[in-house]
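In the two complexes that follow, chain A is the common piece, with chain B as its partner first and chain C second.
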Partner chain A sequence: MEDCSMHLTAQDLTLVRDGWSLAADGIFCEGVHIVTGPVGSGKTTLASALAGIFAPASGQIVRNGITRLTLSMQFPEYHVTGFLVRDEVRSWDLPVEETLNTAGLGGRGDAKTLTLSRGELKRLHLTCLFRGAWDAVILDEPFAGLDCREKHRVCAAIEEKNHPVTIIFTHEQAVLPAADFIWEIVDHALVCRGSVPDAIPAWTGAPRYLTHALAAGACPENIRLRDAEEALCRMHA
Partner chain B sequence: MIRAHLLQHRLLDIESLRIGGGHTAIIGPNGSGKTTFLKLCAGIERPAQGDLTLSGRAPRDVTVGWVGEVPDNNFVFRTVADEVASGLWFQRRPAETIESTVERALSETGTTHLRARSTHTLSGGEKVLVACAAAIALSPEVLILDETDTHLDRKAADTLETVIQGRPAPAILQCTQDMDTASRADRVVYFEDGRPRYIGTPEEVFCYLQETEMYPPLWRIAACI
Partner chain C sequence: MSGEYQTAGCGGGTVQDARLRIGATLLLSCAAFSSIFGAVLVAVWWAVVARGERNLPGKRPATVIFGTIALVAAFTEACGGDGLSYGFRMTIVTLIAFWAFGRGREGDLMNTAVWAFGDRIGFDLGLTAEMAISSLRRIEMDIGDIRNALHLKGSKGLVRDLIALGFTLTIMQIYRAREQARVLATRGYRGGGSYSPSFHTTNADIAGFFGSILIIIAIFISFAGYL
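Now for the complex of A and B:
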């Protein structure tokens, strides 16, 4: 991986839990990183370790130039601290109405936070999180529970690159943001597939639309659906 | 199979709805009433007003298999094998039947290797597959899945789809945000603002959604090849 001034590094990391282990050794430079892996392969544990809330059995996490880091957990309920929606927004030190309008939840400030649907809660959480001034953002399944329109909004927010290092752990098969690097967890080890687009053909966890496009001979420039469509259109042009 | 008449509950406002047997995908934006509708079908909640019946009976009189997005909420027992067997115990099935049924359900969902694991140590995706095993072990008349595929990788989602397609359950209701999955169902119901706005075959419903983000990605790719 190329040199970079601001980065989050997993240095000879071994994560152990209930007879299961994961080895990770790699540098997360500035840019958008996608990390995929099978169910139970340890994505959430690795995300927690990178965020500093899961202690490794050996090795260390090095933060170079990163002072403000946040983790978005898979289940948004875990983040809730405010009884009412407006309390929840205030807990992030954000303006209530403006933030709710951005989240598509205008006028819902007096609702009890945990009465929001799972998708609405995720929307609220991610909207608040993305407005923070973070050096590194770790997102564990950010698209889970969101409808297709909201997934696109999340992708647009990620692509604005307001946060130097963004690491996304995901199973998403339909809506992904443009990415800079691809990683996979294979046989209990984190593997870097490299930078996009060169890494795409080696990506075993690629979404179906991408594998279909590759099988048809296309060479997408990035990992989004529209990149696959454009690559196929170029073939016919 | 499923009939709703003058149904009002929370944000749901359904004048009339009929869903036949087979595999039905329930889709729609967040907060459109999908989960509320599924909870009524499962008998988890009762309608504030109006009627909802499954094969002419109240949902609580029907054997329903329910798999929610967050199965932890429904796990009662410590090990996977006990969790999968629990519904059968409550039905007072013979012990030898329970054992073979549990093994078959674990095998069908690809979770045999998890049999002795504590349910609390499973990953999010593993929990979904175990909850699915517990649901199908009951041989439900209606199998209901509420965004169960949202925490699954591609292979596990394929396993789940194989399990669903191979089920003898007369009716399967599957809420999903994966439009490729929805496109392979027998029928699709699109919810919006608490009402079923479009009902029909995947071709009929997605025809209305062609200009939106909800059109199946694989259909877009197929159109380019």
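Now for the complex of A and C:
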């Protein structure tokens, strides 16, 4: 993996929970990292450990140049501290109307935050989080509970790269953002597949559109559906 | 509704039979609260029978729980009451509660309620108790997650954090309860149901329960002597 000044390092990490364990060793440097693995493989535990809220059994997490780090948990309810939607936005020190409009919740400032649907709450939470000045953002299943349109909106926000290090833990198979690095959790260990696009053929948990494109002999430049489509078009052209 | 419960693996441990454990918990709690003598006997029972399975809480929750007991005891003592006795008895009752709660397995209360009260009232009682226990365990996890989320977001002060934690937990529980009710209604639940309770009784279970009966008898004898 290339050198970078700002990075998050999992150093000989062993995570243990209820008789289950996960080994992780690697450097998350600047860029967008996708970490995939089946449900129950330890994505949430690893995300929590990298965020510093789950103590590893051994090894350590080293933050190099990273002072502001946050984690978006899978369930947005946990992050709620404002009774009303406008209070919730204020709790992130953000302008209310502008943020609500960005989240597609314009005029809902007086609604009770926890009466929003799971999808709306996730939208609000991610909008607030993305607008923060973070050095590193860890997203645990950011696409869960979102419709296709919102997933694309989240992908666009990630691709803006407003935060130097973005680590996405997901098992999403349909809508993904452009990524710089691919990681997988395989047999209780975190495996780095390398940088995109070279890592794509080695990615065992790749979405079907990518495996289909690879099987057809195409070479997608990134991991989005449109990258696979463009690669197929280039090949046929 | 129908259900069948197979007792999970029974390696090690004491009082695995839910009937005996719940019975012992009731008897021991009454005995411990009745008098200092009873509390001492229950403390001995706890030291012998519950060893290795005391399920004591972590430092912080223990400080809050036992600190509250100590505070009430001190206040009672200061007001001329028997605060020291109260403090000791409540401490033993609490230790028994930790043992009983931590030792429980999913389905224990359902098994016991249906065994004791039958398929109608017993089933409803058991179902309610199981849902309550599973909610408590869920709340325990939620509190951890919410505290982590608050930590990441940046604390706004203890009081404001506690308010946020309280209302989020409450509303989440209300939503979950509503969803559970819908699921039960969708599955045709109208009250009562068929269920086959099963238990695994060991000699240690019988000995532990028998010990709690002996304690109650000893307390009755001591009261009789006193009268």
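Here, the second predicted complex is superposed on the first by the 237 of 237 C-alpha atoms of A that agree within 3 Å, B and C clash if a C-alpha of one lies under 4 Å from a C-alpha of the other, contacts with A are read in each partner's own complex, and residues count from 1 in each chain.
Convention: a contact is a pair of C-beta atoms (placed from the backbone, for glycine too) under 8 Å apart; a residue touches a chain by one contact, two chains touch by 3 or more.
In this text, all values refer to a predicted model and were calculated from it rather than measured experimentally.
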First (chain B), second (chain C), both or neither touched by A:Ser91: second
Which superposed partner A:Ala23 touches (first chain B, second chain C, both, neither): neither
Touching partner for A:Ala136 - first (chain B), second (chain C), both, neither: neither
Partner chain(s) touched by A:Ile223 [first = chain B, second = chain C, both, neither]: neither
Chain B versus chain C as contact partner of A:Ala51, first or second or both or neither: second
Most chain A residues touched (candidates chain B, chain C): B
Which of chain B and chain C A:Gly145 touches, first, second, both or neither: first
First (chain B), second (chain C), both or neither touched by A:Ile200: neither
Which of chain B and chain C A:Leu176 touches, first, second, both or neither: neither
Which of chain B and chain C A:Phe75 touches, first, second, both or neither: both
Set of chain A residues, in rising order, touched by both chain B and chain C: 75
Complex interface listing, chain C residues touching chain A: 142, 145-146, 148-153, 156, 160-161, 164, 167-168, 171-172, 175
Of chain A, residues touching chain B in the complex: 17-18, 36-41, 44, 74-75, 116-120, 122-123, 141, 144-152, 171, 173-175, 205, 207-209, 212-213, 216, 225, 228-229, 232-233, 236
Complex contacts: residues of chain B adjacent to chain A: 28-31, 35, 69-70, 118, 121-126, 129, 147, 150-157, 177-180, 212-214, 217-218, 220-222, 224-225
Interfacial residue positions of chain A with respect to chain C in the complex: 48, 51, 53, 70-71, 73, 75, 77-83, 91-92, 114
